[in-house]
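Read from first to last, the chains carry the letters A, B, C and D; within each, the first residue is number 1.
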């Protein structure tokens, strides 16, 4: 049994759904999931579709070729296709905070995440023992202002060597440069410790405390060149009050950060996120 | 431009999606919304589809006939079809509590609800002036143990005379009999003032207070013969603490009740709810 | 039985609680509620206390005099005292949106709000009939760029004539000038339709839609000269997704706005809010 | 500097607050936190108070003696006193699920929990390596129907040997007997994987799935002889839909369970929970 996931977006027009579903049927596929969305402001059509092919003779490359000729050109589609058997490879970038790391590795260990983690990178050695406990290769790549460029080259080398699909910044306390971002567009997931767009930048809990908000939040988003301004994947919030100190906000925030980041990672790994116009469509 | 909404459920098997979408295309329709769900425990397939037909010659009755012959019989589908131009007619049953009434009529007035309200029924006169203010016909049908049967006959007469599609019990403090329920299966929406299945029956806030729960809730569900056990449409909750008296719980609960009931009414009126196995599939 | 509510704040130091509670006991009072907070960053002490006095000879003015001499001077306290029998008088400022108005008047009618509403002011006539239905005097004071100053003079005249304690802007779509604000400092409550400090200013739901947030919010705050930057009283949020249009965000937002504003009004009317440093301490 | 936390409850009557605060002042204490609650249904007074004593000559045992003579007898108080320097000792009981264990140990490691963990007990060996990684002694005490009594004796021996203050059942899949419960009344914290009182007993996610609820929850409570009926400390919920399988509910529930249990543990360790009438007062 072969199973594929197909993501499509294109200008909205008549008969896209009918054309795609007919094509799948003619290729011998059985659609087991279909979801679609139309952005009426921008007139863009989005679709996510899962299909099973029983035929032993099914070949993904043939399917791709045929799909391209039959549909992609006519509808001017942007599309991606995934085989459900192939798990995406995720690189974890960390620094000194361990809560997101423990949470992701705990879920990974218990089989909750549909991905593999070939290695962990950190600019500090503090959390190496956690990586060791979970038996994940750990690479220490220190970063200073002067060595930032070379450090990113080392990171890129590792990413390419392991054929990494996407990167997760699990409270990695460095700003990632355009070199890395352009190589992994909409493939670097960050967790920001505020309800974006409130409190962009450093020390958001301090800013939240100062402003006297009654709710704090966390936001997971794709990294773009503009700081904390990339497409939002997932957000959650918690109520706070005047009784909470900055330290309390930070502690409460940790709980938000780990849940929000884990959810974003799952959505991305399951190919449920489509990005356009600096926004996300989430087929969950 | 004609627009229809189609709801389908049947045993899950191959090619349902492809067959339905091909049929719509052949009838000249353009699918503008499609969503589907498979209950893998029970092997049941559900679909909600909206399609536009530009052709002036489109006829709903022809479409129905053709759909029946081409698809329904082969797949043994259960199905409903709605014309998007026809708003469902809702009857409001109330007693003495006004918060859900004000909320629904306020939304109705501002055009938020896609339905019409031919009349309001109450077993008390207390809220007649609100109905008058909103210019909705008000029928006072008192209910006592002895007159319950005749009262329901009067209600049924009104419902049939106005060709009512569904009934909303907006804190109507009477238990509705099997006679009414069997006439409007999965078409009577109730708001229960607890997080069901906790605290079934009368005085749920008193029970919640006694049990010392830290969260209270409200549940909107379809009415079935078993008390407070029908298919759940919508639920929401609010945090409470030891500082809240029963009166506080009741006041907080009112806010939940009106939001939860309004959401359930909207989902039903927009034909987004399918019921099976005493559960709901909500295509929202 | 006399009952008072006492609000105190001053620089934090030893024995404030003991001194105040001893004073109340010596005056013959029985403390039925006490809550306190210390802002450790700023070293400020806050207290809210309710006390009952059985003695028929109790006089609020004597108590005030005595309290001032015994405690206020020594501790350099800022303080307010309220008799629980006297309900605060609230003026409602509205424009064309009716959802917050219906909600507040519905609660007022059912006895949920511990306040009186001597009148409603609007710059439009659209909602006059709602005020009439609830039998609250309605004053139409149109506002144009040229007449804004005179309009505020008329408003001030009404406010003073009725001895208004606080003002609620229930989606009043005008910016209130410094003249009014300085006359009612921390006594003008606004409802802003976003999760502040995100999306300050006009059309926040449009901005939220554009940014692609997954959560929208509403914020009730005291009005200060800086737009949407005053002390926050209450906030709440709702989850949204890519499927929601701007109109959907606005509709969902209305539900948040009315609940958040009602809660802020209740907290203020029950004298549970203290303001300092552009933040609030909420003794709820 | 000595710091104590005092918890009091007694029948409500006049002058309790004044009497206690005067006593503390006379002993040379400075009250840094005070909170109180009156259950008006039952006429019970509750107080939590933190006080600092600068005097080097301060002795907790003298204070206790004096407090007892001066206040406890007169007001018939039930009371507890804690020195803030002494961290409570918590025993962790686990089985095969690791999510709550990772979460608690991660928080413990990062200094978030104000307690010590002398040992972990499990009826299985599966999670021993996690205990080892965190360098916490691990005791394997298998439990079968026949050995249950002896197993509990071994547990009791360990608990007494280490002078354990409270026990946390972190998804310990055994029913604890009355012998253990009566030895640690309101000192055994359980996490139940439903929103109690809905879905008492085993397999609550299966029951929630069957009932078709739109919200699932988790409840942390003190263990009493009646199953899942003890005083509730903390609850939280998450929204679900028809798209979630039982496995999805279980995965979502894990996130709730760990946050809810961690919060309950923190509240208990910080002596913020008082129990009466099978309910809790939480001074948070």
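To be clear about the criterion, a contact is a pair of C-beta atoms (placed from the backbone, for glycine too) under 8 Å apart; a residue touches a chain by one contact, two chains touch by 3 or more.
Note that the coordinates shown come from a computational prediction; the quantities given were computed from them, not determined experimentally.
K.L.:
Chains touching subunit B and subunit D alike, please list them.
P.N.:
Touches both subunit B and subunit D: A, C.
K.L.:
With respect to inter-chain C-beta contacts, which pair, A-C or C-D, contains the greater number?
P.N.:
Higher contact count goes to A-C.
K.L.:
Indicate whether more than half of the residue numbers at the subunit B-subunit C interface occur in both copies; give same if so and different if not.
P.N.:
Subunit B and subunit C contact each other through largely matching residue numbers.
K.L.:
Go ahead and note the Å separation of the Cα centroids belonging to subunit C and subunit D.
P.N.:
37
K.L.:
What whole-Å value do you get for the distance between subunit A and subunit C if each is reduced to the mean of its CA atoms?
P.N.:
Distance between chain centres: 42 Å.
K.L.:
Would you mind listing the residues of subunit D that make contact with two or more other chains?
P.N.:
Counting only residues that touch two or more other chains, subunit D contributes 243.
K.L.:
If we count contacts the way the header does, which residues on subunit B are in touch with subunit A in the complex?
P.N.:
14-15, 17-19, 21-22, 24-25, 30-36, 38, 239
K.L.:
In their shared complex, at which residues does subunit C touch subunit B?
P.N.:
98-99, 102-103, 106, 109-110, 112, 133, 243, 251, 255, 259, 262, 284
K.L.:
If we count contacts the way the header does, which residues on subunit C are in touch with subunit A in the complex?
P.N.:
37, 39-41, 195-199, 211-215, 217, 231-237, 241-243, 245-246, 277-282
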